[in-house]
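We call the chains A, B, C, D, E and F, going by the order they appear; numbering starts again at 1 in every chain.
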């Protein structure tokens, strides 16, 4: 009998995955899903495949998604003008209404994609099960409307869905003391959820390769940082643009009990799998301390 | 000590509720929520209060809601024209996209209202947990787009949410074999869910007082019918307009295991409570047979 | 359709009950049942209705009953003389035998009344499941026979009955180290049970309106007291008769973890419902401190 | 080291018990407790020891007790005359009241004796948990008052107590459709309970050695009978006195699913242990058929 | 950032495995492990890796192993002569003693190899938990000693180990009515276990490529057969040597509820993975009928 | 009816066992089984009967066995020479191979004997479920091969087997960091298991009567010692031969949470039963302190 060519290589790849599967067995992995990986149809399909594979080999993945570009598109469609202050969308009541509609539509389309691969997903917002309680977030002191900062997470509904073997997909809206609806930055929501669930891993799919020591030197990509190094970097003031709040989020998450945070390049196909199932990983990893890391790999 | 006036009457009302609470203890009650009761803010609040009370005294209520008027409003908002064939909305892809957004927005607003009364709700669509599988529904042979007919219900996610003590609120979208999204008539969805859950009671909140023997004679309201009487009525051809498919739905639900179906006037405040907690009830009740009914009240 | 007159008021009363039902969901409420409410057939029926309603709307009520007058009647019936020292019945062995018989008869008649309303009750004494261990209680140093002071509560059987959804009805007898049977004052037994179960509420049905600041001034009824105020009152020495040990009992119960204690006038029909389902309540409430109370109502 | 004399014999006796312990592991054994074994203090203690031992080695024993003599004594004590028709006590309302008091007193004294040996007992009547529903039993067509015939057993409370590892002790009172209290013959109650629980064994402690082929010939004791032989014997009309209804009871119990019924001489110390832990057994055993019995001993 | 070369291919292989992982999620796969794959150290390691991977991605694998060559080696070591009749080892008492020792040694060495990869294995024989009851197997009417034919499987211990997440490794010894120890052919034991567990798959690791239509024509390898084709083949009498009883075993297993049986070439590295994770598979598959198979792949 | 002679004595013996059965209900008892009791067929049968009886009356017995003499016999059989250093067998790789085979054979023969009495046993080694992790044990600094000292016990598999009602029988082999197999002294293994399981009792079956104050004076047998007395005795240096490490083992076990350790004379038939079911017990008992012991017997 002649074997299919390349078949032995397939077996080898599967066997190589063994220790990674083992390490994350029944561990919670929160994936912040956004950016290009949410726009390009091919990348989208690959992210979903990755997450479904993680589920099937015994991880407990949770998706938290954004929807920024799609919201802007619909705001335009009904003849309104998107308006931003300090990078945050000014969210008056009509905008909030559209944002909620769009985020839930995105949510259900992700549910559908996961279902299609044979794993049952359930899409929830931060209002379901009273999960994400928040308060108004000001942008440099300015009131920008229904933009929320998470003040409390009730993770019960997530635990229940995981227990019943569903894949939870979370859309970042929440509610305040008066049960008004708020839009929450998806990075913030992912951090809040990962922290409340004491996740083993929190992975951000971004549109950059990772964190650069010097943003202008593409050779200076950092493949890993301890949380202290990351804090020093943040404090140094050299970090620009969107990376600063994201990195601070990562630091906070680790200090609150998340084991590792990853900043991945969502433009690379199957970046999640590559990060998890290869020794070198990709992107930038932030973790508690060098010692622990060694122990963790032991 | 002087007692607050009327206080003894309060006690009496509570005590009167005793046998009704007992009869429905842990029983599933599906409420199809739509029509005026969903537009008028006062009625809306009262429906939610009723459902929350049912939950708190030990029933297992499930809400299935529609969103027709709101969908039309948003279709207009983006500059499209709503189009109907035989009473069913022609649902091309852009319309379906809007319908899904609007239905999920309505869904989350109901979740919020229930949460506000201290009971945790979870809003799901028929796509979540692969709950409502459907196929294209034709209107008199005509293809009207993404309008679905339920072919299979997987009630697992509803059972799981009930077990975990959440109040499920269901938005009537589903998916077909190719994982396309469909809009399902909310009456149909409520019937399908009630049947799959073997509900004790299925209550339709409508904009009519109930079923009239003679639609032109407001005195001819029928307070109850057996399923056979209802079928004869449907077959007689004298039944007009929107009531015909609704009544056929009721009949089918009873024949598939739902114990009682109620057509209620959603314009009456607290119509749900009144139906359940008074001997005479309100609206029209359809049940299996006169004999069983006597036993049921025994 | 014309609605039954007054029907809307019924709905309003039920809706008003909502927050109270919510507040006590799955909370333990111990009812010390005695006095006139146990003699008058109408009052008796109403107390049972109240307790059954509490059970059905999700509370976990437990009845602890006395039987003093009935014991005296039977002691007389067999030609013996009741004999009291310091308000406590001198309980020699023949008296104890009769007391146990009578208390168990009362117990089973209460079980029957609850059953009749469709809720399954189980009557147990402090000997069942070795629940109430006690030692001899002296009255001013005098040996008054088999009158017991509770030294230890094993609440397992109560937890088990509640878990299995039975309504426990407890008859106040116990046993000592030598497995002799003792009569326990029903107030003491109710306190011991409420304390061991960390009850949310302990309600005494008495034959007075509540605690008066000045017993001779019927206008001076206190509607609430903190535990410190109650202790000061007890220590002041102005409190007379049967109220003194009862109030001390209330104080001890709160200091051992019971959240609120109520002294109710059992002669008012449905006094339990009125206390729980109205904002003002009736009788006298004793609780831990004014602060906590505010929080509790928040 | 010199061993205590006789110690080896002790070990041998324990080892001999092995197969019997194995055979009845987790099996339900209902003991109808009455007659002399309930009057003589020594016999009483031994019956309780036997039952406690059965419990501790893994059986699930249930006691159903009578109280006939004690009831008569108390009827007399209050100046009433006991009155019998056809061997059944005429039970008017005052008699029923006394009977219930006495039966519950007996019940609690048995609870105490079991507790004293370190096993937790719970005493219940047929009214608790709505266990024994009954209707009036006529004696040769004559109304003899509150004497009940069991019409339905709800064994839930017994299952729950067994699950929670309590030893249930049942006092034979029940209730009818109008929730009136009835006295049930303890033999009847034991049969009803054994049948409802599909007991492995039902043992009657009586004041006779067993069933005699010829009552006048003490050598004619039958050590075992099939249910058909027993029925033939009953039908032959030669069986006298109290044995006839008891034997019919045994037959009915076996036909309804009880595996074996034993008529034991309660005057023999430890008769229960002797029946269970010796090959020959004592008294008369009734079982389904000779074939099954062989299988049963295989 | 430059990605490791070949890394994308790795991701692709993992994603390809997705549907196979899904199909066998929580399904029982029995692996009969023997032949060259048990002698060659490399092959051995690869088989264990394969089984561990199956376990980690959610299958429920069970290993049943043989030990023929090693038994012969030890029989020789103590100076005895192995003796065979009709391909079956004549197993007198001293041989049985050695066989049991060797099989258990092999068993524990496999346990160790699995443990080493981080999955907890538990090795048991057919005597543990009274799992494999058997009777003497005659070889053409001749008594060949302690060679057993399985008469009854008690799979409780296997279910318990799977429930507790252990990987069961079974050594093929059993016991008869007199509790004598028997050696069971490992193929027979694997079939008996797979049948009792209603396995989804039973895979034999052999030293042949599979079943040939014509043994002399290496091109005639059959990649699949229905159970009827397999039976016809067996009945045709053209099948030679060791394949005949193995194929009959396969047929019996399928007829008793195993879904698919595979005859694999254990000399191919990772043959288990290749069979399960590739569409074409390898070796020969036997299944119930062509129709079912199509359904199965649908 | 004439009772079998001696039958009353039987009942008395069973009743005497009552308090002992009660005291050890669901308690873990580890039996180190070795010495003569493992060689003599009668003693063997009696030990197994004892352990089975303990299991049936509600204890949770665990057997840990040795196999020294049988190992030597087989080492000889294959033409090798047993070799000892400081009382410990020098265990090179071929010896270890034989030791493992023999220990597992002994293990399965004990499983069989227990099964035969109707209780399901499961035999496991310290490699199964990765139970006994160890490191090399040196004898006076000398490397004696694969002799292991337990460094960590993972008792999960034992808990699981007990939960599923199996009787665990443990063979004293373990594994080191490199997954090499080690022979563990059975006394050490029993101590490690008893400690990890927080056993109520650890009983050593030995070939001596117990501990003598003066080994040459057979009258000086100690029937009990506190752990401090035992330590003082060990430290005194007067204790000879094999008893010293055994006594040190006992002391360590008690200091790590085992309640009582017994050194029994395995040559006395049913020594286990006699120790447990008689007040005086036999052999030497070591326990924590005199005070605790009194409490324990209270």
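By definition in this document, a contact is a pair of C-beta atoms (placed from the backbone, for glycine too) under 8 Å apart; a residue touches a chain by one contact, two chains touch by 3 or more.
Model, not experiment: these values are computed from the prediction.
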Shortest chain-hopping distance from subunit C out to subunit E: 3
Length of the shortest touching-chain route, subunit E through to subunit F: 1
Subunit E against subunit A, contact positions shared by both copies (same if over half, else different): same
From subunit B, the most remote chain by mean C-alpha position: F
From subunit A, the most remote chain by mean C-alpha position: D
When subunit B is superposed on subunit C by its C-alpha atoms, the rotation angle in degrees, nearest 5: 180
Separation of mean Cα positions, subunit D and subunit C [Å, integer]: 37
CA centroid of subunit A to CA centroid of subunit C, Å: 55
Where subunit C touches two or more other chains, by residue: none
Chain contact topology (line, ring, star, complete or other): ring
Starting from subunit A, with subunit E taken as the next chain, the full ring order: A, E, F, D, C, B
Residues of subunit A defined as touching subunit B within the complex: 77-78, 97, 100-102, 104-105, 107-108, 111-113, 115-116, 120-125, 127-130, 156-157, 160-161, 164, 166, 173, 175, 179, 181
Of subunit E, residues touching subunit A in the complex: 1, 3-4, 7-19, 21-22, 25, 46, 49-50, 52-53, 56-58, 117-119, 209-210, 221, 265, 268-270, 273-274, 277-278, 280, 282
